[in-house]
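Listed after this line are the structures, all set down as structure tokens.
Look for chain A in each of the two complexes below; its partner is chain B in the first and chain C in the second.
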Partner chain A sequence: MNRFRLSERGAERLSISVLLAPAVAVIVLLFLGGLASGFLRSLNYFPLIGLNDFNFDAYFAIFTDNGFLQSLVLTFHIAFTSTLIASILAVASALLLRPAFRGKRIVHFFFSLNLTIPHLVGAIGVLYLFQNSGLVSRIMTGLDLIQRPADFPAMVFDPWAIGIIIQYVWKEIPFIGVIVLAILLSVGEDYESVARSLGANRWQAFRQVTLPLIMPGVVSASVIVFAFTFGAFEIPYLLGRTFPAALPVLAYQSYTDVDLAARPQAMAMAMVIAFISTLLIMAYMKLSRVYIRE
Partner chain B sequence: MTQVTLSGLTKIFDQKSPPAVDNLDLEIESGKLTALLGPSGCGKTTTMKMIAGLLRPTAGDILFDGDSILSIKPEERGAVMVFQNYLLFPYMNIADNIGFGLKMRKVNKKEIRSRVEDMLDLVQLPGFEDRKPNQLSGGQQQRIALARALIVQPNVLLLDEPLSNLDAHLRDEMRVLIRRIQTEMGITTVFVTHDQEEAVVLADKVALLFDGRLQQFDAPDSFYDTPNTVDIATFFGGTNFIPGRYESGEMTTAIGKFRAPHSLVPEGDAVLSIRPEAVDLGEGGENSVSGTVLSHVYAGRYARFQIRIGNIEIEAVTEPGQVKLFADGDNIPVRFDPDKIWVLGPNAAEQPAGATTA
Partner chain C sequence: MTTAPAPLPGIAPRTIGRTTLRWAGIMGLLAFLVAPMVPLFIWSISFRWFYPDILPSEYSARAWEQVISPTNNVIGATGQTTLIALLCTVLSVLLGVPAGRALGLHNFKGKRIVEVLILAPIIVPGLAVVLGIDTMFIRYGLSGNILGVTLVHLVPTLPYMTLVMSGVYANYDVDYELQARSLGAGRWATQRYVTLPAVFPGVVVGALFTFLISWSQYVLTLLIGDGQVETLPILLFNFARSEPAIAGALSVVFILPGILVLLLSSKYLSGDSAAVGGIGNI
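Showing the complex of A and B:
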């Protein structure tokens, strides 16, 4: 009768929107607001410290700065290497954890336990174990494998970021592993059985059948890990060198620089990190959509 | 071709539950189609997986042409299993699915392509090379799964309920196709099913399994005419049972004496079984008693009557025309053809396990 009256579904939709509004507002304000203000600042617009004219100077500065480029390469190295190693080891662990065996629940519990341990704790653990004066080097000295603790190869504050990678690998194996294990269990072993019965040996069955089946899941999980390790601050801050530092650390250094003019550059770096992470998240969503369609 | 022998084959998954397959002895004839029949959960798939080498038996042996193959890897046994749910590799097209086994054997691409084409012709899906499994119907996927198995020219073909996910019309078509291919190629084939009709229609010989144990291994008609136990007769359905005592070729029951020359037991407590089709209505004389028509159903090609004799109810299936002769409530003579009566032991427990009849 009344054409202005809301249909039942419309009303339902409206009430859902109203209920979601506070949460959405917080996300929009904090996230998009932060992003927008960061973006403005990276364009040299920051009235509070007397910057008023828009320009691309900060971007120009960082992309011509050798230090920034070194940081970018280092950050890619950290993210790529730790993601790759963690993915391979995660797939291997998931395969080991798949069959039924005695005590599987306990093993599984310990496997996923460090999902709950903060990254910071892991970083402290890496320091404690792998510093030149750390436990591992002292044990190796004790076993006469090396002469002095100082002979232990640098694994923390080192140019190859080994300590950082160890920490990430340790932390991300169970993250990827739990996802892969869930996929393995839901796919079941029958596809491999078919392959074996058709003449594939163990390796062929894994390579030709199991791996393609779990690959979309592995890739999705890896992209998340990559995006995280690319943008995370605390681990490279604690375990990395100061020069070249990982991008998030460099951005932080610039932001806290006494020279206020470095602020737009810090923001520009943050924008680069956000841009790359966004690209990766989009890739992730696309991949998972393809996966779901199949 | 290959003769498959199962000898004391046993699979125990966990100690707390009874064996999934229990001391199974079976002689699967070379080049024949043998059905492995039994209700869901009786160990059919487990048996197939052990033959294919996908599961390790807890005890017993599997022989191909007299040689134990337990130590031979699944990929080298030449026993190919086709699973109930097809399991085509979802990310491969149809040609790659069918050619999989040849690719594993490092056959060259050109030969694979031509043999894939032959296989698609054989399963009557020519031109399907480039499609993806999810673009195919269930029946088509099943054919592709069959083609993928046949292309490697298996010594033993293991089909696990290949028809149970198909609708009735497709099932008939696939039955014919499977039987034709099997006969043409002469592959030793084990066909798993829980449908007794499917088993008797398709198979040269049927092995019936209950709870992991072999109940009877026989030609299909024996399961109807001379079942080993009441349970088996019940599984095949529709039989009338009348308990009593068997002595010198005669069954004495609560509703009278019947001459019964065919018996599994020599004498003592026994059960007379007679199929509804063998009950003659309106015929007196030897082996006949008087009964009352309780109800009847006209089913087009036949008629079905419920008859009460004394305090026992039996079923009779007759020519459709007989509905005109007898009305509900009529008292009529009912005759059991002596040649079609089969006398069995009183219960399953007293039957020798795995007993067979000629």
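Showing the complex of A and C:
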């Protein structure tokens, strides 16, 4: 009996391995392989061109470079501000869209529409809206609020990365919002009604009852958004300044630099990005374990 | 469809006030979400659109003719983008469905590590990985061709497909298979007539979004394609600064598959499904 059970479990373990092995192999090879290869090169190890010794020169170089530190601060600013504004507006939108109203399905469709619109398209749209001679500037000129393009406040290629943040907020409101809305609809309004009937006002019912219910979804979606906005390339590449550039753009510039000596530094920056996102993965796993409703 | 209940006479004014406020909010929200698409669309049909004109002074189909004409290689790039996304989707389905089954149905030693490994490529930005991959790919001749670009697109798509299928299988009752087997169905017949119909909607939604993730990749294609592989996002980026009319028309082409996918899948898509969780990558 015991032996039979063991062999059955052995068979199950074998079938699990067969199911998993191909996908895991590809991810290990490409993802971990890519990271490992980047890590070795960040340590100046590149036997193909005769570099056989490990050292931390690239890391020392970037962390003593003022330009890199400015990029790091700018990137944190972009990721933090975008995530915060997007989460708050997403929760507000989800509350707005929750109750039954006529045309709800169409409104929900439009709300989720830009889940599938690529970031790049959104970034170009934001560029054409907010550049000096963009549509918003033209409308303001038409309303006699400004006289010429130069009067329009810099919102793209600007030091505060306003255009980049607008693009991320635009794209991530529906992403976080759809997740929050699903939680709101599955929980229903009963808990709030109870709180209201026990004398809580609207704000108290939201703060004490609704918010704790949706918080797990908001937090885990925000972690994904933060990681994305921290590491995305094309949006700051299109809408941002060249100096200081967002970290991924700086890494790309160093990687494509004609001076090959800059490459280990590019790899070191890639490792910094990977390291910060690893911290975020750990946060995500921890949060999902704490919060997930079994 | 639900209809609003008739308001009681006593509280009618207040209810109407709230409803108006809600609609103002909804309209403001939708306006913000649609706003970036407006100049793209206007540019695509404009001929002369100088500052400070709010609308073009002349319209034309010039940008759309440019999109169709062979000189800009838009049709070639569309074909190439589609081919890469299709190959990538097929590979992701073939590898991701079995892996999702293992993760969704079984508990095993080391499951946590596998889950982290699958989640990591979704969260770690592509740029952090692709610089290292580029070094490997150049060595094995995978840089600058479609095969290499397809493989590198697997980094975001395969984990996504696996995650979606893991969610689908977690809600799937394996007892149906046991019943079929005990009634005499073979392994293959069970998979074909019992399992497949049950998980099929999940596979389709996952595959559609996998296609979109590959379709919209920019930086992975830029680095691994090395200027040799021209996809729609690469073209779009090149035109964005210099040719707003063509960029506008290309944008319209570029977003169409996404809108189609959303129309097809909105029935199955809700925020608590794993399909939404991974589309931060699009």
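Simple rule for what comes next: the second predicted complex is superposed on the first by the 283 of 294 C-alpha atoms of A that agree within 3 Å, B and C clash if a C-alpha of one lies under 4 Å from a C-alpha of the other, contacts with A are read in each partner's own complex, and residues count from 1 in each chain.
Note that contacts are C-beta pairs under 8 Å (C-beta built on N, C-alpha and C of every residue); 3 or more make two chains touch, one makes a residue touch a chain.
These numbers come from a predicted model, not from an experiment.
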Fit or clash between chain C and chain B when superposed on chain A: fit
Touch count on chain A, higher of chain B and chain C: C
Which of chain B and chain C A:A23 touches, first, second, both or neither: second
Touched partner set for A:A227, first chain B, second chain C, both or neither: second
Which superposed partner A:Y255 touches (first chain B, second chain C, both, neither): second
Partner chain in contact with A:Y45 - chain B first, chain C second, else both or neither: neither
Chain B versus chain C as contact partner of A:I139, first or second or both or neither: second
Touching partner for A:L120 - first (chain B), second (chain C), both, neither: second
Partner chain(s) touched by A:P212 [first = chain B, second = chain C, both, neither]: first
Apex chain A: angle to the C-alpha centres of chain B and chain C, given in degrees as a multiple of 10: 80
Chain B versus chain C as contact partner of A:P174, first or second or both or neither: second
Partner chain in contact with A:L198 - chain B first, chain C second, else both or neither: first
Closest Cα approach, chain C to chain B, once both complexes are overlaid on chain A (Å): 5
Chain B contact footprint on chain A (complex, rising order): 190-191, 193-201, 204, 208-209, 212-213, 294
Parts of chain A lying in touch with chain C, wherever the complex brings them together: 12-13, 16, 18-20, 22-24, 26-28, 30-39, 41, 48, 93, 96-97, 99-102, 104-105, 107, 109-122, 124-129, 133-135, 137-139, 141-142, 149, 167, 170, 172-175, 178-183, 185-186, 217, 223-225, 227-228, 230-234, 238, 248, 251-252, 255, 266-267, 270-271, 273-274, 277-278, 280-281, 284-285
In the complex, chain C residues that touch chain A: 1-4, 19, 22, 25-26, 29-30, 32-40, 42-43, 51-54, 94-96, 98-99, 101-103, 106, 108, 114-133, 135-136, 139, 151-152, 154-155, 158-159, 162, 212, 215-216, 218-219, 223, 233, 236-237, 240, 244, 247-248, 251, 254-255, 258-259, 261-262, 266, 269-272, 276-277, 279-282
Chain A-touching residues of chain B, taken from the complex the two chains share: 49, 52-54, 73-75, 79-81, 83, 85, 87, 89-91, 100-101, 103-105, 134, 148-149, 152, 158
